[in-house]
Each structure stands twice: as C-alpha cells, then as structure tokens.
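Here come two complexes built around subunit A, the first alongside subunit B, the second alongside subunit C.
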Partner chain A sequence: MSAPGNERTGSERMGRERMGSREGGVSFRARLAARGIDGTTLLVLPGLLLMLLLFIYPFAYGIADSLSPAEGPWYANYAKFFGDPFQSRTIAATLWLALPVTLVNLALAVPIAFRVRLMKRQRLLTTILVLPITLGTVFVADGLLTFLGPRGWFNHTLIGLGILDSPVKLTNNYWGVFASLLITGFPFSFLLVLSYVTGIDPAIEHAAATLGAGPRRRFWHIFLPLLVPGLAVTFCLAFVQAYAVFPSAVLLGAPSGPTRVISIAAYQAAFEQSDHAYGTAIAIIMGGVELVIVAGVLALRSLFYSGPVAGTKG
Partner chain B sequence: MPATTTPDRGRERLELRDLRRSFGSFNALDGIDLTIEPGEFIALLGPSGCGKSTALNCIAGLLALTGGEIRLGGARIDQLEPERRGFGMVFQSYALFPHMNVRKNVGFGLAMQGIRGAEANRRIQDALGLVRLESQAEKLPGQLSGGQQQRVAIARAVVIRPPVVLMDEPLSNLDAKLRLEMRADIRGIHDQIGSTTIYVTHDQDEALSMADRIVVMSEGRIEQIGTPQELYQRPDNLTVADFMGFRTRIPGRVVSVAGSEAELDIEGGRVRATVRGAIRPGDAATLSVRPEDLVATPGEGIPATVESMEYRGRAWFGLASAPDGTRLYFRSGEALPRGAATTLTPTPGSALVFGEARA
Partner chain C sequence: MIRDQGLLSKIWRFAVWAVVGLFVLNLLAVIVVVIINSFSTRWLGTWLPAGWTTRWYFSAWKEFQLGSIVLVTFQIAFAVVLISGLIGVMTAYALARRDFPGKRAIILMFLLPLLIPPLTYGIPLATLLYKMGFGGTFWGAVLINLVPSVPFVVLVMIPFVEQIDPRIEAAARVFGAGTTSLFIRVLFPLLLPGMLAALLLVLVRTVAMFELTFLIAGPTTQTLVVSLYYAVFASGVRASQSIDAMAVVYMVTTLIWLVLALQFVSPTQIVARAKQQ
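Coming up: the complex of A and B.
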C-alpha cells in the first residue's frame, strides 16, 4: 500500500482479490494470511468484544469519572485521598495484609506441592486442598468467626490442652482477616505452584541426583531457579486477589481500625457518602498500587531464566 | 564423602544379584543376575517394557529395589542414595539444566563434589574437548541442537570420573545419521575414560556395534548374555533370535538330529539347520532364518507368494506368504511382482532350529 500509485479503492481491491493470482501478484487474502490474518482470526472477536465491554470501557469510564469530582479541580478526588491520612493509610494497611498473606501462601504451597507431586493419589489430596475455593469468602469468614472466636474450638482445644490460660483474640482483628485470606487464597496458589512443579521434567532432578546433589541442593540449585518465573506469576495473581480483600475484612476484621482496607474506603465513599467519583478514584488508586507491585515482581522475574523446563528440545 | 573421590573406582567390578523390582503385582525386574567387569561396555537390549530401563534406574539408585543386591568392588551400594553412588547418567531426554549454560551444566557434578577453581575448569575443558563442544561452553542448552545437547549430557556425566556410566537410550531422540555418528563417539569416549558403561537400548544395531557384551532382556528377565558375535550367530532361544534379526519363523517337525545339525520337515520340503537347545526326532520345532539368508531361487525350496518388495541398495528384500500363511521375509536379486509365485531357500548353515517350548 505504501508504494506510490498503488492505492486502490475498496471495490478495486475486492475485484483484484476475486481475480486472485490470475493478475500475476499474490491475492489480497493470501497476503493477509501470510501475516497471520485469516478466517480463524475472527474467533478473536467475541473475546475482544467482551474485553472492550467489560474491561476497557468500564476502566476508561472509571478514570474519566474519577477525574470529574463533585467540586474542585480535576485532580480533587486524588488530592482528597492522599491529603487525608485516615484514607491514605488504607494503602499500607491493605499491603500489610496482602503481602504477608501472599508470601505465607507461597511458602506453604511450594513444599506441599513438592510433596504432592510424588504422591500416587494426587487427585484426592488436590481436591481436598482445593475445596476452600468453592466455599466463598463469606462462608469461610462466618465459619472462622465461630471456630477462632473466644468460645470456638480453636481456643477451647488450646485451653483444654493447657497451652493457653485464657482465649486468645483471633477475630475482629488483623489475624482473623489474615486467616481467612490464607484459607481462601491457598488453594489458588497451591494449584498454580503444583502445575509449575510438575511441569519440570523429573529426569532433570534425577540427573542432579546422580551428579551428587542431595535433596536440599537439588531444590536450591535446580528446582528453585526453574520455578522462579512461575512463583512470580503466582505471587502476582495471589497478591492481587488478597489486595482486593473486602468481605472478610469487614466480617472478621476491625473494619474501622487496623483492617480498614482500601476497598472499604472505596465502598464507603461510593455507597455511604454517595460520592461515586471519589469511590472510583480510590478504586483506581487501588489498581495503581497493585500494578506497581506486579510490575516490580515481574521486573525481578526477568532477571531469572524463564525458558522451557522440559529438558529436551523435542 | 561420595566414594567417587577414590581414583580406583573405575577398576571395580559391578555385581547385580537377583535384582527384583515390582510395581504392585507387576514384576518389572524378575531376578537379574549379572557381573560386569571393570571397563566393560554392556548393552541392555530388549523391547519396551522388558525392564531394561528399570534395571538401569535401580543401578543408579533412582528406583528402590524390592529384592536383591548391587555390589561395587564387593561393597553393597543398593541402599545408597543416587547422589552417594557417584554414577554418571545420560538420559533419553538429555535432562540438561535449562537455566545453566553448557559450562555450568558440565561443572555441576564437580561443584557438588566441592571441586572448584582451576581444577574444575581444567576438567570441564577436558570433558568438553572429549565431546568436541569447547566452542559452545557459554550457550544455554536451548540454543543447542539435540545432538549437541546429548553430547553435553555425556560430558556432564563423565566429568565426575564415575566408576560406572549409565546411558538410558541416549540416541533415540536423534535422527538416523546423527545416531550413527554418536555411536562411534560414545564408544570412543568409553575407551578413553575407561569407566564401565551400561547402555540401555532397544536397537540391536546399536547394541551389536557398541557393546563388549549384550544382555538381552524380556519380561523382566535375562534371556541371554553374550558377545555381539555370540548373540548374532548363536541366539539361545526364539526371543533372542527375533531380536537378532531372525524374522522368519517356519513351523516344522524334527526328522533327525546329528550333532549340532538337524533335519527338519517343513511345508515344501526338508531343510538342514543348526540346532539351538535340546530337541529330539519327532519334536515340533521352529526354523528361524534372517531375511538376508532366505533367498528367492527358482526351482527347489519353500513355495511362497510374494506380498511386497522393498529396495535396499544392494538387494531387494521382500515379504512372501507360504501356503499355510506363514510370513516369510526373504532376499532377492531382482524385484518380483506382487502375487508372483517363487521358491525360497535358506543359505547353507544360516538357519537355526529351536524346540517348540522355550528352554
């Protein structure tokens, strides 16, 4: 199209296409196909449409909305958030929950996945471990409220065993939310990590063993470097999930105190103060924080090997 | 300390005594007895599922035995972890560490033994020289061809100077031409380093061309142990004969036995063949012959109808069927049309006769 005198009208082009190679050149369709565009490309459309409708449009609308405050200049909502410590410290409060929970989840998922990969009845155990995912956060939060409460089984058992003198407070504070996030987030991290761990060719581990590496050195020298990219992705997904905590922070936490997470701030702005634009601004800030963490982790990941882990070229 | 630090390890005899390994009710190894002399090149040959890879993994320590023992230089090693046996192993899938360059891959075993610095560099360089990959030392495995990757794997296995090198079908992922080259390379490396090599393969050509002794396995047992010549010329039973290229099997009845020769009644006439195993006149027996030794000759012989022909350079080889349906693989000086009637005769001294029941 760039060569001078080569511009054609649509009808001319269609005519040429119909003529095909008879004209001497390669048909329009063939040229498109060579660039990877053919009938199959149309299958992208439904997904693309969905992305536009459910993600791109709301996101763009949200940004526009957050920049149209009820009063003040265009950045007033953001200035209001960062100017009010009660609001801005929700960023740190949420990070203080989401980061440790994500790290603990990964730290639990890796060894368990390593054990499960060697087991014959993988499916049964996987099903049990994944069950919490199906329960929903509210259900888990409700259960934990009873279980971890002052008269719940947890405290009952520890007092009965003589380990505790008086019940330890595990609900309506940080630890309640922490436990709930751990339970609902673990299956997710575990499944992802398991798939990464089992994706590594067992012969690679065998090779390391025959070369004199014991289990510990096999983990540090072989498995961990190969798992880093997968663990980074798992971290990002688990973190984003944890950072968006809402129901359990309200039900199990202290929603006006230490577990006043950023989504509570957004909710209150939008639905209690009916300041929709301000609520949206807080949601955008929340997304921004997630983006910074995810980008940071992925940047770190690029320092490691991230090619295939199968061992063969096939 | 891993025992590999003792320089004499390559000069020790490896003994396998009644090795057994079962998976549930399935016996993958059903009593393997084998003594391997220092510096020997042993091929474990058999069809897939015969237990040859299981045997190799048990020797490496990657799979626990359910019975029997393994001794190296008289000392029992079957209870040792793989990392304490110090055997080098080469895998079918290469199993290179994808995140380490060639130099680090080869140096891994040395690092695990605490050998670093100049000594390690010298040995890595020597090992890379052995497989002619000095110029690729800084590349990642993913940047190498399959043949190069397998050579790195060999260098990585031998650099630790293992008493025994274990190879699990190392050439089966490579193309035919490369396989031929690598055969000679592997045998050459074996001769240079003087380790004992145990080489698992399902390819009888590989086994015949590389090994000092071949161990033919089937269904978790050893069928026969012998030099390539012994196995090729005098297979003990039909299973081994089949693996050694005796493709045609013709049922018949023993007429007479004289020393190592027997006369056999088969459809279409009488043939003389070399006796393998115990047979007596009147026994049902099987005549076994290689395609290159069953020649289409007009006149006398086994009547057959040509089914298909293929050209293999110096001769034509074909498949024909006897009137009773027996499949006959034969050689011919010319292409015969499909459906043509012909007669096939074993070349003198080439056919073997086995008793019906396996020994």
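Coming up: the complex of A and C.
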C-alpha cells in the first residue's frame, strides 16, 4: 500500500513547474501531493461519484422516504411493520431459515476442507462445487422442483432403497428452501474455508505432531484457534447470502406461509402494493437486522486470537 | 502434511468422503434432471423419460422469444462489464497506489454493497430510477447492476495492482514514457490477466444476477434469469420441458463465461479473493 517516494517527488516536481512557483517555496499542489493527493489520486473520482450517486444517495433518499409516510408520525412505516404480526414475523421466518442453514454449511465445510486440503487434485471437485454458485438460486430452484418433487429422483431412490414407503413432501415448504440454500451455500462456505485452511502453514501442524499431539488435539488446540477469524468472516458472508434468500423462497417454499421471508415482504410492499416508502422501510429493517448479527459475530471474533497463520522464517 | 493411520481416522475419513460424494451426487443430479427433462417427451415417476425429443427447444425459443432475451441479456451484461471495468480499474489503481485522507471510508463504501442484501439497496434505488424514468429501460438495468459490479472489480483489482512493482512504472517514466503510453504499453499488459479474470467474473455475476435486474426489468429488458423466474413462477401454464429448455439455454450462457474465467482463476478464488479484505 506504500506510495513510492520517487514517484511522489516526480509529480511534486511536475506540479511545482506548472504552478511556476519554484521560488515561492512549496506550492499548494506539492503540499497536496505530499498528503497523497495528485493526478493519480484523482482516478478515484469516477468510481467515487458513481457510488455516491447509485448507492449512498439512493440509500439516504430511501431512509428519508421511509421516514416521511403519507399519514401519521414520522415513524409510522416502521410502527406499521412491527405492529402487524403477518409482517413482523417475517424476521423470525428469515432467521429460522438462514441461521440453521449457515451453521450446517459451516459444520460440513470445516471437516471436508480439512480432508480436501490433503488432496493433490482439488481442481475437479472445486470446479463442480462452483457450479451452483454461478448458476444461481433461480436455476437451482427449478432443478430442485423436479429433483425433490414427489415423483422425482430423490424420492424414487429412497423408496427404491426401501428407506421410505411413500414419497416425502420436500417442495413448497420449509425444507425445499433449506435444500436450495444448502446446495448454493455449502459450496460457498466450503471454498472460503478451504482458502483459509490452506493458508495455514503446515509446519505449525508438524511442530504440534512432533510434540506428541494427536489429530484431535491438533485440530482443537492448533487449527481451530488459528481458523476462528476466518470462520467468523465465512459465517458472516454465508449468512448474508442465506439471509437475502428471495427467488427460492418463492419458487420452492410456501411464500405465504412459513417461508414468507422478509425480502418477500419488502418486495410485495414496494412493487405489488406500490407503497415504496413502506417497502423501503422493510428493506432497511432487513439490512439493519442483518448488520446487527454480522456485527455481533465480528465482535465475538475479536475475543479470539488474530494474527499471522504463516510460520515465520529464520 | 500428516496422514493418520488409526482405525478411527479411517472411519472418519470414510464418513467425510461419503458426505462429499453424496453432496456432489445430489448436486449433479439437480443439474442433470433439468437437462434430461428438457429433452424428454414425457417424464413422470420413472427413472428415465418415455422418449427423447428436441422439439421443446424450438417451442421454448418461440414461446419465450429467447432470441431477443439472450440478446438483451448480453447487451446488459457487456455494458455493465465495460463500464465497471473502466471505472473499477481506475479506482483500484488509485486506491492501490496512493494513501490519502478518507481512503478507509472509500474502501468501506466499496465493501458495503457486498455485505448488505441486494434488496436493501435495490428497492430505494429502483424507486428512484422509476421516478427518473429509467424503469424498465436498458440503462435502468445497467445502472442497478453497476452497484455490486464496480465494487467487485475494485476489490479484485487492488491486489493485482499492488503486486506490480512501482519501480517498473518509474523506469518507464525515466525512458520517457508519457502517461498514455505508460498505461497502454506498461500497465495494461501487466494488468491484463487480472482484468480478464475480474471482468469475466462480473459477466458471469451479471448474467446470473436475479434480485436487482428483477426489480427494474420491464417487458423488453428481461434478462434470461428473470424470464426463467417468471416461467417457473407460473409453471403449470407451460410445459415443464419448455421451461427446462430455457433453463438449459441459461445454463449454457452462464457456463461459457465460467469456463473462460476458470482459465485465469482457480474456483477457490472466485469466492475468496474478492471477499478477503
């Protein structure tokens, strides 16, 4: 991240020549350049402007919009949401989906990542796993509707194996959405955990083994403490994805019942009832609840060790 | 790496691989089911369909007007790639090379769209775009897709810029390169692999981006994934084979770019590089 000294003096000199203030001491431009602001820094402006216009401004506009309802006090939209159980229980419905799925995904990802790190050819497996992430939830929902349906391969196999007598209902309910979040979320968590696990210097494990630690102790006492920061970040990113569930909750779930998640409530208010102030209020509540959980997990993370996971040389 | 040989480790290893095998099997089955169904004459409750046909592709192509949908999808995706590539690489270059007051706040601003749910910023932005007359238009769809794409390019490109030694640029300056030739003849070739990777991933993500495009798309600006959603949503109206034929067309358009992107990055990096900050 260090700005190279010779370049900075180069632009400093250029600036001074242009300002023609060679005898007038340090010019304004040179002083700016010394603080890191010169022609190169200005390249940040288009991106900054775009984000201000398309992200910050609409967000501020949305907050103002949600706080100025058609009638009632300034907080009327928020009171309406929390006062209506049909709406406010969408928060619980969303968390009831997103939290278990994220935990299951992480719990599966860690042991599997520890196995896969020993593999020589990981490429095929990781390529297969990246498929559902790139295909997205709509495609996965379409496939799962056939696959998990009463006459699909899943039920067909279980009945053929004698595990089931009659098909289980796995679509248009909680479990359909759960399955879709598992199939897109597990690969995501796994690939992230794998990148953290392979970042740990194997010499640390060798040292522990030399000192007589068995596999279980090496995991609990050596790897896990080193992994906690990475796992916390993985949890947050995986949770963000599961929490924002929208198409699969509609297509695979029961969108007016148990899988009426908060994004459905926000979408319906904003675009089906055309009450954009109310819809924005729900969208902001949605973001707020998520940020509270993410901030909580990251705060917990700071209680653990965070430092280099690569061994030091010499 | 240490490999343990005890019996318990063997059982454990077997259990882990069994879970992996089951997951991959189910995952592939979900994809294969869609492909088989799109080629089947009739498929109800048996292992394989009664007969095979390709007619669903022709009927889906006409019914859903897939020709124009695919065209619109690529127009939107390429516009997003061009704009976010240009702006993102410039921003990443400045952020990687200079330290200036407020830099941390700017980086946080680029991180936020990747951390909060798309609908949270999508709904106010879509409301605003509708008010300004962008609702259902091509540029509305492009603008709303830029919000996650530009930060993505910035965050992917910063490490790529940082790994280029600044002394190379200094050397080019010493030999008399101006800013333009410095960019075209020194920086551009060095950044090309990183840029190709970032832009291909943006392309894949834009083609697959449902939530944001869905909020703003009108009848003439539906991308493939949005049309697919509407088709599945109203399933029962059309034959499921026809819908799955469209899903296969969508899958092919996404996977082409994924295969290209995988020439430059490993699958792990697709998730990890942009997110590790």
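Following the convention adopted for this analysis, the second predicted complex is superposed on the first by the 264 of 314 C-alpha atoms of A that agree within 3 Å, B and C clash if a C-alpha of one lies under 4 Å from a C-alpha of the other, contacts with A are read in each partner's own complex, and residues count from 1 in each chain.
One rule holds for everything that comes next: contacts are C-beta pairs under 8 Å (C-beta built on N, C-alpha and C of every residue); 3 or more make two chains touch, one makes a residue touch a chain.
Worth saying up front: this structure is predicted, and the values here are computed from it rather than measured.
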* **First (subunit B), second (subunit C), both or neither touched by A:146** => second
* To do: Determine, under the contact definition given at the top, whether A:294 touches first (subunit B), second (subunit C), both, or neither.
  => second
* Asked: Touching A:168, do we find subunit B (first), subunit C (second), both, or neither?
  -> neither
* Have a look and say if subunit B or subunit C is in touch with more residues of subunit A. => C
* Should A:271 be classified as contacting the first partner (subunit B), the second (subunit C), both, or neither? -> second
* What is the contact status of A:254 with respect to subunit B (first) and subunit C (second): first, second, both, or neither? -> neither
* To do: Identify the partner contact of A:65: answer first if only subunit B is touched, second if only subunit C is, both if each is, neither if none is.
  => second
* Just subunit B (first), just subunit C (second), both, or neither: which does A:99 touch? -> neither
* Answer with first, second, both or neither: which of subunit B and subunit C does A:206 touch in the superposed model? => both
* Structure fact -> So the subunit A residues that subunit B and subunit C both touch are 206, 209, 214
* Asked: Which of the residues in subunit A come into contact with subunit B in the complex?
  -> 201, 203-204, 206-214, 217, 221-222, 225-226, 304-305, 307-313
* **Of all residues in subunit C, those that touch subunit A in their complex** => 1-4, 9, 13, 16-17, 19-20, 23-24, 26-31, 33-34, 37, 44-45, 47, 86-88, 90-91, 93-101, 103, 106, 109-110, 112-113, 115-128, 143-144, 146-147, 150-151, 154, 162, 166-167, 169-170, 173, 179, 204, 208-211, 214-215, 225, 228-229, 232-233, 235, 240, 243-244, 247, 250-251, 254-255, 258, 262, 266-272, 275-276
* **subunit C-facing residues of subunit A, complex** => 1-4, 6-7, 10, 35-44, 46-48, 50-51, 54-59, 61-63, 65, 108, 111-112, 115-118, 123, 125-147, 151-154, 156, 183, 186-188, 191-192, 194-195, 198, 202, 205-206, 209, 214-215, 233, 236-237, 240, 243-244, 246-247, 250-251, 263, 266-267, 270-271, 276, 279-280, 283-284, 286-287, 290-291, 294
* subunit A-facing residues of subunit B, complex -> 2, 4, 60-62, 81-89, 91-99, 108-109, 112-113, 140-142, 144-146, 149, 153, 156-157, 160, 166, 173
